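Pasting the structures in now, so scroll down.
Next come two complexes built around chain A: one with chain B, the other with chain C.
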Partner chain A sequence: MDTAILIDIVKSGLVLGALYALMATGLSLVWTTLGIFNFAHGAFIALGAYLAWQFSSADAWGLPMVPAILLSCAVMFAIGALLHFLLVKPFERRQDIVLISVITTLAGAVILENGLQLIWGARSKQIPPLAEGAVEFGALSLRNSELILMGLVLAILLCVGLFLRYSRPGRSMRAVAQNQDAAALLGLNVPLYFSMVFGIAALTAGLAGVFVGTIRFMSPSMGSEPLMKALIVVIFGGVARFSSPIYAALIIGQIEAFSVYFVGLYWAPAVLFFTMIVVLLIKPEGLFGKYQRTL
Partner chain B sequence: MRYDPPLHKTQGLLPLILAAVALLVYPLVFEATYFRHVMILAFIFAIVATNWDLSLGYAGLFNFGHVALFAVGIYTYAILAKTLGVSPWLAILAGGGTAAIVALLIALPVLRLDGIYVILVTIALSQLIYLVVISWSDVTGGTSGMVTLPTLKIGDYRLSKDGRIGYYYIGLGLLALNIAFLYLLTRSRLGRAIMALRDNKYYAIARGVSEARTRALTLTASAVFTGIAGAFYGAYLRVASPDAFGMGFLTLVLSMLLVGGTGTIWGPLIGAFAISFLSEWLAGFGPWQNIIVALAIILVVVFYPGGLWAALQQLREVADGLRSQTLARIGRRRGKSAREALTGARERMLKTRYGQIAVADTGPTTGAGKPALLFLHGNSACKEAFYKQFRSFADRYRVIAFDLPGHGVSDNADPETTYNVDAYTRIAEEVLADCGVTRVHVFGWSLGGYVALELAARGTVEVTSLAICGTPPLAVVPDDMGRAYVPTAHMVLTAKQYFSREEARSYGQHATAPLSEESAFLHRAVRRTDGRARAYMMTKLSITDWPRQMRMLAEGRIPTAILDGSDDPFLNHDYVAGLKYGNLWKGAPQDIQDGKHAPFFNRTDAFDLTYFSFLRFAENDHMAGDAPA
Partner chain C sequence: MVDPILSARGVAKHFGGLKAVNDVSFDVLPQQIFGIAGPNGSGKSTLFNVITKVPFGPTHGDVLLNGRPIQGLSAHRIALSGVARTFQRENVFASLSAIDNVLVAVESYLPTAPFAEQIERAEEALNLVGFPANMHNSPAGSVPIFYRKQLMIASALALQPKVLLLDEPASSLTGPEIERMKQIILRVRDNGMTVILIEHVLGLLMEVSDQLMVLDQGTMIASGDPVAVTRDPIVIEAYLGVAHE
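On to the complex of A and B.
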């Protein structure tokens, strides 16, 4: 195989991986902390994209890009916390919380997606690319927008990781995730941190949505495919550490890029799902997971 | 003697037949095609939803790939009937077959997974099937699907003619077959194994139920009619679209399941009709349609986890409560003189904190100055069960009996707080206090026996002697019940909320006497009893301090007699005889020869003689005990 093609495949895999990492982080954060699977995550992605479009587009409010994204982050955080309050918190004490939260978050996703359609209509929109032009590194040609995307994703994930590791609220969140009862006994407000985790997940999903919106046309259901990708990533890598879905996302990105080249655009997702099922059968806790199958 | 109540008789048969007849006749009368179209869709969705309930509700297996099985049925029909030219009828059957095979493939990876992983794997697998369908566009038409599928024909008659009446009846027939299949399945050994695994997995496995095999069978069984319904859907709408794999369709069917109520066949059936019509009615509102259906899901899950079916059950409970309360009200006014003539005692209504209690008391007539004797009746009976004792004991004793709440002509009461042995005992204390009685001989029959034991154990009233009949004392509940009673299906009837006519007769016959002119009032009492009194009696067992009763018997401060019928069909006599008693009359249970569960009614003379001599013994014993003081 030609080296140029190989480099091209790896590059597109990296871009995909970066996007998937951003999508999967919020999902795995909610999973590890609250013990539930949030099916509204895909709707969060779409919502983030639409909010950013609303704030930044010349047809709407026309704010500059950076404040627009910051504003949509804040709104996404608030919406995430609100949805936790409405869709998950009422059932925390119920025994069948796993099934109930699947149902309520699915219903929440339906409401969000149809709400998007009501507010912004079905006509496709697009967020302008982050930057024009390209840079050349020998055989490798990188578009500036791709570079910025990868850089930003790295920065965002680093921020979230550092926040969780070193800041006081971040450490409280990890404490709540590890042992709810002990955290409550130490005086931590468990529902508050649950809401914050949901908010952060929504925020990262919204950012992922912004990036998706710069690449593709936006539609209310634009989040369902990324949701499935995030699901694959989370299951593939497991959720033992904050970083495991990130590694998994990079691997999945490469697998996808290579299978697009070798089996075609249509069959690539099937390859991914197949890989995921194989991983689930052999190592249900994920490639980087520790054995723990209580959920 | 083995007691076998007629549990196999179904009670919902009448509403079912009525509904079936209505559905059969309706298209002959009304010809509105659109309404008929929605009905056909509702039939199909009802099949999908009820089968999904088999895995989700009955098995507790979060199979989110169920809708994909439906889509597999559609595509099987499309490919076989259109591309390969197979007879559409065969293609419909084949839809069930392929769906079952795919279900088995889905089942394999989830055999040993739990909880959320089952959801994720089944969703992933259904997405995988979806992607295969989309990608394999030469065969499946890709994202645009397949159109103009062949319709169903009988000879040259196209079923879509005459306002789709043919599709209507085939859909209805499929639904009926499907319901019969699920009904028989859930009541078979396999069905019981499925529910056992859901309710107590480790216990079921310990009893030899194979989890993996049962799961595989459940998923496969739930696929057959789903696939057939999918194929029929394809034949009806004549399109196969990949939308059937989508989250939107999944949410729609899920809402039918949840709004209807999981874990029953009828809940999803009702839910399918309700949601089909709701969503068709909302079809003109665009995105609002989906939003409202989703909101309905959330509201049901928050406020009404049991769904419509639970609402129906609650309605039934309210109606049954009203029925039995009305019977009590009528009986209170109409039959009072007849009852007083029967017992020879005065009847009055006593206001207690548990509602009005009917008390029969010979105090005002013949009982003045005599020692008091309290009779406590059993489950689903009434105070007149002791009318013969009223006659034979009234010349020496002041005989008192009352109707337990929810029984006889006493009021129905709040089931949560009232229908348990503890509350019954408090009522007995109130009744005795109202009669001005502080020392009393107590006779308790069956459920009343536990009230008698509790009354003696509490010690707020001085119980001078204690006799129980048909009441094996318990210590560890419910474990002891398994030994104390002959393990027959009887235990199901004693706690069953609603009796069919036949069940009521069977219960009345075995608990008291076969239906005759003499015992007719006891059989009427069974019908009058508030069903909740039976149901809550079992669920509120833990309120009572059973070991205290056992300690009281072992300590033996109160002379005690056990006067069981020797032929009592419910009792384990060896268990009763093997307990430790401190002061048991004649040192052993004194069984009444040929007596059944109610020997005082069936073998009155023998019983009265025995109980008489016990009472005399107890009085002498008591005097002897009192003498030194």
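On to the complex of A and C.
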């Protein structure tokens, strides 16, 4: 294989991996804390993109990009917390919460996607790239927008990780994730922390949506495929620690990039699923997972 | 006459037809160590559950703290209002350091205090139970059982509770560790707190309790002076069964 092609594939894999890491982080955060999978996560991705478009586009509010993204982050956090309150909280003490939350979060996804279609229409939209131009490193050519995207994803994940590790709410969230009853006995308002986790998950998903919106056309169902990839990442990496899906996303990104080159775009998802199944057969708790959920 | 600091009035918990706790009433006086004994399944831990509302409240009945009902409060509000509890099993936050475990409680009790003061309070609570200073930064899941029990108590004490509910703190401990646990319980009481103690290690329970209540099948069968209670034929029957000729 030509070195230039190899470098190009690895670069694509890195960009994909960075995006998947951001998408999967929120999904994993909700799982490790609440013990449920949020199937509205894909709709959060789409909603984040549409909000950023609404705030930044010259055809809409026309705010500069940075305030537009910050504003969409704030709105996404509020919507995430609200959806937890409406879709999950009423069922939290039920033993079949995992099954119920599949249905309620799927319902949330359908409502959000149809809401997007109703408000913004089915016509595709796109957010302007984060930057123009490219930089050359020998045989490697990297678009500035890709570099910024990878840098921002790294910074966002670092911020979330530091927040969980060193901040007061982060410490409390980790406590709630590990033992809800013990956390309540130490005075923590467990449902409030669950809402915050949902808010943070929606915020990171929304940011992933913004980045996707800068490189692809947006549609109300644009989150469906990323949701599937994020699920693969979380299951492949193991639903245990905050860092697990990040490592897994980088591996999945590379597998997808190489699969697209060698077997084509349509067979690449099959390769991902096959890899995931093989990993689960050998290591059922996921590649970097542990049987016990911790944050 | 001293007013009780914590009272239960006709507290019951039913699971369908099973009466896990059945109309239990008692008063606990300030700075008292109130022991609760009973065979397995007698409803002791369920009583703690309904007092703290973790994970469930009572089917009916009232729990009063300083004369005020607390059953209308949510679980975390009950904890912040002055009723702290430890579990029978060592329920620590395993991936957090020992001091972070206690800080979680300090931060919820004193959310606006400066971080230096919060750290100071956490260290005070750890020191009160004698948790080794060189293990403050160890992951809680990696410390031995006795230290995890100390950590649970320290976390509860960090809430500055009026009443501390200890659920079998001596279970799984060795003889010398049980003696150290006894000293911790007495020290907590000497620091002005009231302790309600569930314990299967009867030696410990008898040595520290000012008053003893015995439950059997969810019902209170005896209450009063510990020595008198243990000589009560009904209590002996509950523990040993009826002798058949």
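Throughout what follows, the second predicted complex is superposed on the first by the 291 of 295 C-alpha atoms of A that agree within 3 Å, B and C clash if a C-alpha of one lies under 4 Å from a C-alpha of the other, contacts with A are read in each partner's own complex, and residues count from 1 in each chain.
Convention: contacts are C-beta pairs under 8 Å (C-beta built on N, C-alpha and C of every residue); 3 or more make two chains touch, one makes a residue touch a chain.
Just so you know, these numbers come straight off a predicted model, no measurement behind them.
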- [ ] Considering only touches as defined above, state whether A:59 meets chain B (first), chain C (second), both or neither.
- [x] neither
Open item on the list: Once chain A of both complexes is superposed, is A:277 in touch with chain B (first), chain C (second), both, or neither?
Closed with: first
- [ ] Using the superposition on chain A described above, determine whether A:2 touches chain B (first), chain C (second), both, or neither.
- [x] neither
TODO: Quick one: name whichever of chain B and chain C touches more residues of chain A.
DONE: B
TODO: Applying the touch criterion given at the start, work out whether A:171 contacts chain B, chain C, both or neither, answering first, second, both or neither.
DONE: second
TODO: Would you sort A:132 into first (chain B), second (chain C), both or neither based on which partner it touches?
DONE: neither
- [ ] Figure out whether A:37 sits in contact with chain B (first) or chain C (second), or with both, or with neither.
- [x] first
Open item on the list: Taking the superposition on A as described, I'd like to know which of chain B and chain C A:110 touches: first, second, both or neither.
Closed with: first
Open item on the list: With the touch criterion stated at the top, can you tell me which chain A residues are shared between the chain B interface and the chain C interface?
Closed with: 295
Open item on the list: Show me the residue ranges of chain A that touch chain C in the complex, using the header's touch definition.
Closed with: 93, 168, 171-172, 174-175, 178-179, 181-190, 292, 294-295
Task: Residues on chain C engaged by chain A in the complex (per definition of touch) - done: 52, 54-55, 74-76, 79-80, 84-85, 87, 91-96, 100-101, 103-105, 107-109, 111, 155-156, 158-159
Task: In the complex with chain B, residue positions of chain A that touch it - done: 36-37, 39, 87, 90-91, 98-100, 102-104, 106-111, 113-115, 117-118, 224, 228, 231-232, 235, 264, 266-267, 269-270, 273-274, 276-277, 280-281, 284, 293, 295
- [ ] Sort out for me which residues of chain B touch chain A in the complex.
- [x] 62, 64, 109, 113-117, 119-121, 123-125, 127-128, 131-132, 134-135, 137, 247-248, 250-251, 254-255, 258, 286-288, 290-291, 293-295, 297-298, 301-302
